[in-house]
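What follows is a group of structures, each given as structure tokens.
The same chain A turns up in both complexes below, where it pairs with chain B and then with chain C.
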Partner chain A sequence: MEKTLRLPAELGSLEPFRLFVLQCARDLAVHESRVPQIELVLEELLTNLVFHAYKEARGDVELACFPRGDAFCMRICDWSSPFNPLERPPPDLSAALEDRPIGGLGIHLVRKMADGLDYRRENDQNIVEICFRRDTQQDNRDA
Partner chain B sequence: MLSTSQSESNGVLHIRLSGRLDSLSAPELEERLRDAAVGHVRRFLLDLSDLDYVSSAGLRVFLAFAKLVRRAGGQLAFCGLKDEVRQVFELTGFTDILSISSTADEALRAWTG
Partner chain C sequence: MNIDDSRLGKAAVVTVDGRLDAAGSTTFDAHCNKLVEKGDATLVLDFSGLEYLSSAGLRSILALAKKVKPLGGKIVICGLAGTAKEIFDISGFTSMFPMAATLEDAAARVL
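== the complex of A and B ==
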């Protein structure tokens, strides 16, 4: 039950990737309360790829959505040089307004919102897997 | 898609955001806020009542604007955060460094006493 979409790594691909993930989440009965977090994690990882991994280079991104047990998972693959987005140092959230750097918050949000997060380098690809508990409609009725 | 509208009264520029503030729409808002910051108004209310989504690209724009207003000696408040947006503000510590009110009236009262 895996669905994939491969598009160029550019900002113009954000919206088709987003619509793809929304459809997959619906198909896999992900509770609607989790969807904004899934959307946000997707955007942060894709923009990170466009701006930091590929930089000036051109290439593709492949996004796969699939269930794993109770979780809804996304796998994001790219063919840029080795780049682990999860190695970014965490931002200093205690700094005053004047001292806050502009940026560095995206990956922090990814870490906070995903229930599972993993990076590996395989066959010249960077592969990031992100899982979310589905909190399905059924779970909520039982609660 | 993001749409913005603004109105000015009693020295406060009330800027309403509606829709999605993401990597695609953030540059446009950044430009609009930069323009607003160089005007004669010194008090800004960013009304997020109809904002459904914000990503780190949007947070960057808010933070840059807050710094700009602060340096110019002005005041900035946010109001009307929906749950999804509030969660993003909380997880990034924005609730600690920005002035946030539940409603526009509450923000305006804090300024006018």
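== the complex of A and C ==
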């Protein structure tokens, strides 16, 4: 039941990846209330990869979608140097406008939206796995 | 994404429909920067037709607010709802910006 799509790590690949995930989510009967969150997490992790992991380098990203029990999961693999996006420090949400740095919110949103999140380095790949419950809005998000 | 301009007293109203994502935010930046260059410092962002917002959009909104603040202006957020509102909330943006439910409500905040 696993479907994969491999494309170059560039902004032009965001839309085909998005359409791929929307189709997979439909096929796996993900509740429509979860779809915007899945879309968001995908965009944040892919843009993070393009801008921070690969930077000037070129390479591919492979996205897999699969069910795991009650969950809909995505696995995002890349072949850049070791890069764990989850190590990014949390932003200071209480800072005044003048003091808020521009950027750094993407991974924060990923943490808030996903029900399960994991990074590992394996066979020269960065592998991030993200799972969402398929039924409805989750009610016990990580703080 | 579609962007339209209108006026609300001294404020420029920028109506954004559709997706303010990594692709849309580039267009949004260029559009708003042009307004600021022409002298607008108070902008109402009408997001009532916004279907999707990502951190790229948040980044654009914050950069714009930082740009108009020293000019004595501000950014008022209007009509935000659904997942986009949720994203504002969990990013701490709801407390950083004046929030208006309708353009009528926004008018009172730009006087």
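Everything that follows uses one rule, which is that the second predicted complex is superposed on the first by the 135 of 143 C-alpha atoms of A that agree within 3 Å, B and C clash if a C-alpha of one lies under 4 Å from a C-alpha of the other, contacts with A are read in each partner's own complex, and residues count from 1 in each chain.
Rule of thumb we're sticking to: contacts are C-beta pairs under 8 Å (C-beta built on N, C-alpha and C of every residue); 3 or more make two chains touch, one makes a residue touch a chain.
This is a predicted model, so every value here is computed, not measured.
In this overlay on chain A, chain B clashes with chain C. In the superposed pair of complexes, A:Glu62 makes contact with neither chain B nor chain C. With both structures placed on the common chain, the touch criterion links A:Asp115 to neither chain B nor chain C.
By the touch criterion stated above, A:Glu98 is placed in contact with chain B and with chain C alike.
Common to the chain B and chain C interfaces on chain A are residues 11, 14-15, 36, 39-40, 43-44, 47, 91, 93-94, 96-98, 100, 102-103, 105-106, 108-109, 112. If you check the complex, the residues on chain B that touch chain A are 22-24, 52-53, 55-57, 59-60, 63-64, 66-67, 70, 84, 88, 91-93, 96-98. Contact residues of chain A toward chain B in the complex are 11, 14-15, 36, 39-40, 43-44, 47, 91, 93-94, 96-98, 100, 102-103, 105-106, 108-109, 112-113. Those residues of chain A that touch chain C in the complex are listed here as 11, 14-15, 36-37, 39-40, 43-44, 47, 91, 93-98, 100, 102-103, 105-106, 108-109, 112. Those residues of chain C that touch chain A in the shared complex are 21-23, 52, 54-56, 58-59, 62-63, 65-66, 69, 82-83, 87, 90-92, 96.
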